[in-house]
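One chain, chain A, links the two complexes that follow: it is found with chain B in the first and with chain C in the second.
What follows is the complex of A and B.
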């Protein structure tokens, strides 16, 4: 195993997640055009469907992974001093993990309700 | 015709400046001819050039914001006033002459020669016409540096990102049926820097005077890597 940060793996994850993001985004767009949820309860029952819930979890997992690779690329390009780079990457990592947990909470709560 | 050139002599100038010259345009005049005409007026003006026909790759310059080979760039294609500067991002030695050592160091990193593991045969190593065709678009590089010095990823990380020129060469040897060091070559390119700083900005394709496509070569290396990894 290399001590370097990933190159091929990050690049592949970014492409693969992009494909899923486009497909699920199109599905959501069509769903909201054809059958937009009228109120909070309708939202909740939509998210509570097992396939939608699973699809949404994958969507946000892809989104956060995609964001991580993209932001990491920007930081590697433009932020050169090591201390600042490590701090920025760590802060972004925490924010993304926080987002992931929040999404998980929302979707689980919708399923429990 | 007005030509404005970048001047900097580190021994006498505190900072670089642009100097304007009036030159007599001629039929079929190339930028190199214009620079020579400038030199006729001020012999201290310095730039590299040699073959004068787009083969040696010595007279790469930045003209009106794009990297070009002066000897094959017709003056008639350039908007006045013509502004000629050294390659961006490279340390200036004098006027249009820049230090390209880092560019050559990156080239050296990709081991730009055939590597054989089997013993060398008595005769030359034969290659089918189809395999030979795979080198087209890769071997023609004259290493003028127009691509790498126009690449923002190379500007930000010139010490770590190999740049389009070196990666085109890496692809040239990966594509060669006679080469036997594919694994080592791929391992050498792994990590976030050497290959993967390329964000397909495609300035390299835009600037290549030989109409080569380093972005495509980089995509090809990524495809070989992926195929090799899974």
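What follows is the complex of A and C.
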């Protein structure tokens, strides 16, 4: 996408991820009402189902993308000195990337367990 | 951006009368930021709950503590406000609810409904 449209890309990502988050929260809610995992074995085998695992991966990807676009907007609105703005955004970016790798590891481990 | 004539700035928080949609919008922003800060905590609990039978029991015990339940309620309230306000924004993006009485009424409805839905959810899940 062209540089000029990068704001539009962020806007679109924010909406697309929001829609997936709504659907996934609804699904989680229904699952927990219908069949809340009673113990670790039930919880782990649910997470290890291929479709659930895929849904969870997509959920955390959407969550982290949505969080990044959102927090970036807020920081750009309130933090004006360039050096501080770039430092804050870099720090948040590293934390979010760390979160992505961490949760990826958790989901993969649940699948090989 | 080239036109840098000084513009009037009025930021006295005690004198600004924010309309309902503005109040809803500020809470949407604040809840978004708070939830982002909680992401590592969420992943920590997810990790712990999957780490084994002990970890699962530990998460259950943590969620059972009275103070944690209160925090959980506040987090659910934040999520519900952000989610309902988010749906309202998405509808406004496709031109639903832009006109005046509805614009204001839905902002009020979102703000009032969020804690109610959060309470119902907490009651159902715990």
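Just so it is clear, the second predicted complex is superposed on the first by the 108 of 113 C-alpha atoms of A that agree within 3 Å, B and C clash if a C-alpha of one lies under 4 Å from a C-alpha of the other, contacts with A are read in each partner's own complex, and residues count from 1 in each chain.
Assume a contact is a pair of C-beta atoms (placed from the backbone, for glycine too) under 8 Å apart; a residue touches a chain by one contact, two chains touch by 3 or more.
Since the structure is predicted, the reported quantities are computational estimates derived from the model, not experimental observations.
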item: Partner chain in contact with A:103 - chain B first, chain C second, else both or neither; value: second
item: Partner, of chain C and chain B, that touches more residues belonging to chain A; value: C
item: Touched partner set for A:76, first chain B, second chain C, both or neither; value: first
item: Touched partner set for A:47, first chain B, second chain C, both or neither; value: second
item: Chain B and chain C footprints on chain A, overlapping residues; value: none
item: Interface residues, chain A side, partner chain C - complex; value: 15, 18-19, 21-22, 25, 29, 32-33, 36, 39-41, 43-44, 47, 60, 63-64, 67, 70-71, 74, 95-96, 99, 102-103, 106, 109-110
item: Touching residues on chain C, where the partner in the complex is chain A; value: 29, 32-33, 35-36, 39-40, 43, 46-47, 49-50, 52-53, 55-57, 79, 83, 86-87, 90, 93, 121, 124-125
item: Of all residues in chain A, those that touch chain B in their complex; value: 2, 4-8, 10-12, 72-73, 76-78
item: In the complex with chain A, residue positions of chain B that touch it; value: 153, 156-157, 189-197, 199, 222, 225-226, 229
